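Down below are the structures I want you to see.
Next, two complexes with subunit A in common: one pairs it with subunit B, the other with subunit C.
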Partner chain A sequence: MAMLHIVNKSPFEKVSFRSCLNHVKVGDSVLMIEDAAVGALEGTSFSEKLKTAMGDVSVYVLGGDLVARGLSEDRMIDGIKAVDYAGFVDLTVENETTQSWL
Partner chain B sequence: MATKKFMFVNRKAPYGTAYALESLEVVLISAAFEQDVSLAFIDDGVYQITKGQDTTGIGQKNFSNTYKALGDYEIKKLYVEKESLEERGLTQDDLMPLVWEDEDDDWAEKPSIIMVNRSEMADVMAEQEVTLSF
Partner chain C sequence: MKFTIMINEGPYQHQSADSALQFCRSILAQGHEIFRVFFYHDGVNNGSSLSVPPGDDRLIQKEWSELSKENDLDLVICIAAAQRRGLMDADEAKRQGFDSHNMIEGFRISGLGQLIEGGIESDRTIVFGD
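After this line comes the complex of A and B, so read on.
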């Protein structure tokens, strides 16, 4: 039962992103949207935590939310995939269930 | 009307919530009352003034250019906390080069962004008479 975990809060402001990563299972996917997109950057105080989780889960970010905040996709942690809204829909279809970490 | 030292403390990333835009609107209103206004960008607030913001993918209005107009409203003290940038993998080069024009110096453009460390930011906050937090 693969699950899509949707995170929309900045990892620098709320614990919901960390809590999500502490509860994912191997084969799950994590999608960063809205303020959570800032967590996709390499070289932050959060990037090591995310990179550790990426051994078990696939990580995606909504590209539009990243560039809206002045952050370009080439600064993302290696292995994170940027998706658009159509890709967001695909992820909800590919996974049996979704969970939003508000 | 007496002039007071006002500080607007910005701690949220733009677009995910309305705080950044609401703050900017109140800042512009405060300028009309000719107060001594400072802005502080700490924590996720530093994302408000990153350069190259492009909101076409999220269907929201890009209001980042409005920060460039603050100098014209005599708002020329934008304190940015160094530690907040570092924790987020950012440097001052990632921020818009915000300036104000000094009419006493042949309208020379001068930087509005003042980089401070956490302890210096605390000192600036302590000097304020009114603090509004967003």
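After this line comes the complex of A and C, so read on.
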């Protein structure tokens, strides 16, 4: 039973994103929204941790929240998909359960 | 598909009230159904009628109220969380002996059982908060 993990805090501010990655199962999805969007960037102290997890899970970012922070999709780690709110809704439909890592 | 949304963060606090609002609009735009939106903890402040942001800012409480009116949404505020934060409708104000009330149109006060029912009746329960 696949789970959508919704993360909304920056990995440089809170440990919730790292906790999430320590709990995900193969086939799950992770969606970064709000401040968590900065976690999508390549070349940070968090990138390797996320890239390792991407072997098991699909990773998405809410594109609007990335752009709102002055960041662009071309700075993201390869393989992360940007979605809009319609894509966010689709992810909650596709996954039977969701967990918000508040 | 049927959704229940839970909101634990107040408006203008971080971003969750805005995120939840946009998520709800997107649910409806895609033809899904919102069974209930439950406001808990500081989230109850989304139902205040006395918020006055600067003129060029969004008025989140009014946006909820209008979304509710346009789509006949069930917006429920937790009574215990509301009482602690000084948020009440006309009936509750009368019951508590206050001469004013401050709940914006489209919201109603009830208890946590409404959240549980939402979780049972809906296909998905999505939580927004701090």
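Keep this in mind: the second predicted complex is superposed on the first by the 102 of 102 C-alpha atoms of A that agree within 3 Å, B and C clash if a C-alpha of one lies under 4 Å from a C-alpha of the other, contacts with A are read in each partner's own complex, and residues count from 1 in each chain.
Here, a contact is a pair of C-beta atoms (placed from the backbone, for glycine too) under 8 Å apart; a residue touches a chain by one contact, two chains touch by 3 or more.
Note that the structure is predicted; figures quoted are calculated from it, not measured.
After overlaying the two complexes on the shared chain, residue contacts for A:S72 are found with subunit B alone; subunit C is out of touch. Once chain A of one complex is fitted onto chain A of the other, the partner contacts of A:S47 are limited to subunit B, with no touch recorded for subunit C.
Shared-chain residue A:V38: touches subunit B; no touch with subunit C. Using the contact criterion defined above for the overlaid structures, shared-chain residue A:V24 touches neither subunit B nor subunit C, since it reaches no partner.
Once the two complexes are laid over each other on the shared chain, residue contacts for A:G63 go to subunit B alone; subunit C is not touched.
With both structures placed on the common chain, the touch criterion links A:A86 to subunit C but leaves subunit B unconnected.
One of subunit B and subunit C touches more residues of subunit A, and that partner is B.
By the touch criterion stated above, A:N8 is placed in contact with subunit B and with subunit C alike.
In the three-chain superposition model, subunit A touches both subunit B and subunit C at residues 8, 34-35, 65. Contacts from subunit A toward subunit B in the complex involve residues 8-10, 12-13, 34-35, 38, 41-45, 47, 62-65, 67-72, 75, 84. Across the interface of their complex, subunit A is touched by residues 1, 3, 8, 14-16, 19, 22-23, 25-27, 29-30, 32, 124-130 of subunit C. Considering their complex, residues 11-17, 43-44, 47, 50-58, 60, 62, 64, 87-89, 94 of subunit B touch subunit A. Across the complex, subunit A meets subunit C through its residues 6, 8, 33-35, 65, 85-86, 88-90, 92-93, 98, 100, 102.
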